[in-house]
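Next come the structures, one after another.
The following pair of complexes shares a single chain, chain A, combined with chain B in the former and chain C in the latter.
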Partner chain A sequence: MSAPSPLSVLSHSPIGSFAPDVFASHLASVGVAPAWWLERKRAAYEKFAALPLPKRTDESWRFSNILGLTLDRFALAAPAKPSLAPFPVPHAASLTFVNNRAIEGGQKHGWMELPAGVVITTIGEALAKFPDLLRSHFMAQPQKLGSGKFAALHTAFLHDGAFIYVPRGVEVPAPIVITHIAAGPGAAVFPHTLVIAEENSKVSVVDTFASADATPQFACGANDLYASHGAQITYIGAQAWSRETMSFQFNSTVVRRDARVQSLNLHLGGRQARHESLSQLQAPGAFSEMLALTVADQTQEFDQRTLQIHQAANTKSDLLYKNALRDQAKTIFSGLIIVDPDAQKTDAYQSNRNLMLSEEAEANSLPGLEIQANDVRCTHGATSSRIDPEQEFYLQSRGIRKEMADELLTFGFFEEVLNRLASDELHASLRTMIQTQFTKGPRV
Partner chain B sequence: MKSAPDTDTLSDREIEEANAANPVAGIDQTRGDFKYEMSYEFDAGTGLNEKTVDYISGVKKEASWIRDFRHNALKIFRSKPMPTHWATKDLENINFDKIRYYLSQGQKPKRTWDEVPDDIKHTFERLGIPEQERKYLAGVEAQFDSEAAYSNIKDVVSKQGVIFANSTEALREHPEIFRKFFGKVIPTGDNKFSALNSAVFSGGSFIYVPKGVKVAQPLQAYFRINAENFGQFERTLIIADEGAEVVYMEGCTAPKFSTSTLHSAVVELVALKGAKIQYITVQNWANNVFNLVTKRGVAHEEAEIKWIDCNIGSRLTMKYPGVVLKGRKSRGEVISIALANDGQHQDTGAKMIHAADETTSNIVAKSISVGQGRSTYRGQVHIPKHLKGCKNNTECDALLINTNSRTDTYPAITVRGDRNYVQHEASVSKVNEEMIFYMQQRGLTEGQAMSLAVNGFINDLARQFPMEYSVELKRLIDLEMEGSVG
Partner chain C sequence: MSSLEIKNLHVTIGEKEIVKGLSLQISSGEVHAIMGPNGTGKSTLAMVIAGHPDYVVTSGDVLLDGKSVLAMEADERARSGLFLAFQYPSEIPGVSIANFMRAAVQARMAEGEELDATSYYKRLYAKMDMLKIDRKFTARSVNEGFSGGEKKRCEILQMAMLEPKFALMDETDSGLDIDALRIVAEGVNALRGPGLGVLLITHYQRLLNYIIPDFVHVMYAGRIVKSGDKSLALELEAKGYDWVKKEFALANP
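After this line comes the complex of A and B, so read on.
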């Protein structure tokens, strides 16, 4: 790993590299677009420029490395053509973006015909063909987790992204794989994935994020999921940016009546990576399952903020975030369950498990509840500890070396989350990614 | 929770309307109130400035270092913003200019029961402590507004070498013991309200227990507020020398006033090697009181500090008793019960700062929200780098009685290294309807059943209280639960 710039020399200008002239040149590159789109981008830029950088005393940035947040030394990524293997899973379709642009021929169909009416395209094309859908769903949910400024930055500079629409009653038989790649030093990318699942439809989406080279980059992405009545969405986010990347990712999930959303975010890359996830359970029967796995090593910082809002009666949410920490890595989990006054019979769960694998790692947990209805089942738990010595002893007593035993137990720690996936293929691919990082990842 | 409509009583709709008109309908808020005319000899007037500080310091004939300490604290108080970036905005409703910072009848602390003024005895009567028990309750240091009005345990414990005095006396007569620790566990600038207390403190208990002395009887103090707009700023410092053991209990009750009253105490505990301190609080402030208290102890090697904290009443209580586990194998514990009724916000919790190997801490917090009451658990557990064998266990359980009751949980846990164990669990529930039904079926009213269920919820914690406190607690809960159902 090349020596990273000392953070103390970074400037903390509230706009950094994203000055008005840079925004003007970005707007110029947008090409033909509806007026409302341009207006939204202008408004977002103004909001971004006006809002200050997070401060140490901001409750939603508690424990975060505020000094590490910098918007400097980045530039809007230029077109590039790196080659990276896509996520290895049989898929119905795939889309690849390199430096914010869909690569030619990147929009491929997989081994099967897509059911009629399913749309898998770019934001650029959706602006022309499905402006109303885009207008009502694009960045339409509130930013409640502290990154209003960076979400505005995302809207302002977003160049392109994935647009997935599944019509009523349609089931997409295999995952749709979206790949976002950042290439070149200082590249700033703004990945976007929007999934709209209409009534009783079913779809599975894999969003992957990777750097083509091990240079400092800037990623500021969003993935919004909308599950209409009875719809089912499975979403996998696999983040493997370079180890010098500053990353923000915002998720917003809307779950309507009897709909079900399962999301699993895997966090591997980045120097400092913040992930915000908001689930809104809007009608009876809605269920959101929020899963995350993080392998943190060296001096990486993973900052995860979640919010489960139960807005209607008889809704359910289940969150399980597991972090494995090595070296001097640091993780922050800050979760909040809000139960609105009328959301009786809510069933909400939130759990954060930190596996401490070194003497110098640091895990912060802020598991929160705000409950305003009394007929609810709400629990949360947080633990931080090393591998259970008894389990380790048991394996050793069966003749397994300590190192091997620890590795097995660590993988076992991840399996609890991976086992929640219905698809064996997705499970296997994610397990390989984790094990590769864990066993071959650079150690200090 | 709603019972089946009863034809003899109001319909659901009528009750809802009555509740909408008056959110505390059905609860007699005047119950337990009392107030007596007082005449004050010393009065620092309303508002806070350098003159107030000089006045208090002058009345108390304090040494110049204490006066300087107060003035410095006033500066810090002014420079610190209200902590509303994380705390409730209700704090902004405190009008510091309308508060009296010092009132005293100028009495010397009393030595025997006979010398205690009749009206104060009468107050004890209203607190429900019978004469016999009052005599039996050795060590009653009753804080009469700013000054201690009565203490009789002093003679008994002084034979063991224990110093038990009020803050004024202690700093004047034993500076060699108390100055060393005064303001060290909770520095003036710890928070805005510890700074306020440091500027205007009066009253409170200073206790020193010498090496190896185990104080047989619990030392007690009752505090109350009894003047409109009068803030009470007591300061307590307890030092248990090596191997010493002491239990300190405080109970608070206050009459109700129409305007807000501020109580802002600072309590510092120092448990030297192998010492044990248990600090028990049962408070029932009137529901116009802002109760903003900083409590922290330092536990040295193999020492043990246990806070038992029960909060009922007040408009807003913010209190997070803490233990700094400074010595190897030291132990900290917080047992907390909070009950928030209509118009009340109990923002309580605990802090455990681990600073040595093999330190253990335990937090058990139970809260009950009644009507529109709001209870909040806020906690911090911190285990820094390079420590090993540290353990923390935190359990928070919340019970919500009515459909519009509210509870929040905001823990913050930081763990570094792979040789420590931390677990946190929290749950939220309501009273089991089948349990209530069963009790009603056995002839209890719904209110009685509810009261029994709530007492059952906290029973395992209440059992850790001394007998008279758990009896008082049960009585207070019965009182709070009346009218909360239906």
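After this line comes the complex of A and C, so read on.
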């Protein structure tokens, strides 16, 4: 690999480091796999190579830093040793990937026995043992949010990932913690977490993303959540890649009858991080709660694109994305609610709130609605506000320094989202993780 | 022994001069009451001493133990020993009383020194019990959805925890029913002592039945126009403020 080049001279080759010979050597490293899997990867690679990089004029990339997108100077990450501890929350099981590979002994059980039939394994193993499940759920949903090229890249180069299956009626009593680590300069990683919750099952998954070092890396990950009738999934995505990393993450959530999915994505890391989230409410009683918290500072850019599709009557979605922006940071929120003609009695909510902690930060909001049914309740809105000077003065008048006052007020702003979590342990762990972004004041 | 000295203070907000040459000296152990009609600059005086950025001192000085506080930010003044009990305390959603108080206590500790959580909570609960504040309040957001009485008790709780040298109490009696007033007054009286000086700002004499002042000053048109002992407060209660206004008009034709 050549030495990293400064951003100003980035190449914008549509395939960059992911040339055909690199793909061929990746395929050779896959080992024994079903023919359909290899075929999917080949087709994905072709699609990736054929599609152009996003352009400034693409509506789904409006406001994004197109010039910052580059596929150059990366290399498929080589095996490396784990260097980070998993997310500190009591868990039922954990699985850790370093540079796309499940680490030796990384598949650990927590303090409890897993209920019978629950599967927590790698995609590699699932290909051998549960090919049909994988075939029908892996990256099976449409890419509607603009990153078709990068999603294809993900499928093409995916080496391994987490496969979680919870059988009918089974409840996993504590979270399952998945850790994805990128290590080394230029490392390209393709994290994947697939969660299949069968009828009336219940599971909570914490998916974390971190860099072992502060070098420029490339992350192109996906998570697929499938909640069958009456199932309940809680998904936490906690992204803390290095400050030099370019990151893409694609979420697809399918919610069936009376099922409920709550997802909360925390965005902290990356130079430029894009997150796309698609919720499909496919049968009556389905509910998707989509939450996100972002702390953006320095020159970070966080680009969040969401789509809530109501495909059946009596479905509900509730999106609340909150960003705190400092320094020269930039955020983009573009959200769309689509209500299909038959989806009467839809109840959809979408809200993006930005807390501007700096005059130089930039928050862009593009909320949208596309309603084809006539008996629905849809609300959307976006706000940007500054720290309330009276609240800040009140805290300062108690001796609290300005930086600390602003930190407390930022946590106050986030609390509305964190309070949606039923688990106090998850709430506390996420707070601690957010705290790492604030280094100026003393810890509370 | 500490002193808070206000010397010929002039304060403007926007273009308007509100405080027009006010002087007052308070020593620790003393309780001074400032009374006066609405719009006379009483709250401005409290805000400017606490360091609110909207209020501009155009001349004069405020000295804490002989040292000017005017160049200090509000937080530094607070750590130096000043405390303002607000007339209208801010509501701060999402920030719990426990975390807020903890940050305030921590801010007074040396860098690197860790707060001992056990003794902190012990002290907090003892003060809450004194002020008859339910311990569950620690988990509630600061002032959010509090009744008027709860807000004022919470102000006194902060004062009790932070142990200032001087407390400025801005209309602490406003919006309180008689029971709440009694609890607040008992709290203040419990904190009274040789280490604390108090400046009580009030419109009504009522509060002074419960917190007996050592000195009473009448503020009008941005300055102190009359000073005396607690009997002055009773006189104001009986005669209203009109005679003060007349006297002022005669003296300043």
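Note that the second predicted complex is superposed on the first by the 419 of 444 C-alpha atoms of A that agree within 3 Å, B and C clash if a C-alpha of one lies under 4 Å from a C-alpha of the other, contacts with A are read in each partner's own complex, and residues count from 1 in each chain.
Operating definition for what follows: contacts are C-beta pairs under 8 Å (C-beta built on N, C-alpha and C of every residue); 3 or more make two chains touch, one makes a residue touch a chain.
Since the model is a prediction, treat every value here as computed from it, not as a measurement.
The partner that reaches more residues of chain A, of the two candidates chain B and chain C, is B. When the shared chain is aligned, no partner comes close enough to touch A:L430: not chain B, not chain C. In the superposition on chain A, no contact is made by A:V195 with either chain B or chain C. Using the contact criterion defined above for the overlaid structures, shared-chain residue A:R401 touches chain C, although it does not reach chain B. By the document's definition of touching, of the two partners only chain C reaches A:Q391; chain B does not. By the document's definition of touching, of the two partners only chain C reaches A:E416; chain B does not. When the shared chain is aligned, chain B comes close enough to touch A:I371, but chain C does not. In the superposition on chain A, contact of A:E59 is made with chain B only, not with chain C.
Residues 388-391, 393-402, 404-405, 408-409, 411-416, 441-442, 444 of chain A touch chain C in their complex.
Against chain B, in their complex, chain A makes its touches with residues 57-59, 62-63, 341, 344, 354, 356-386. Within the complex, the chain C residues that touch chain A are 50-53, 73-75, 77-79, 83-84, 86, 89-90, 92-95, 99-100, 102-104, 106-108, 111, 141, 158, 162. Chain B contributes residues 1, 85-86, 385-386, 398, 400-430 to its touches with chain A in the complex.
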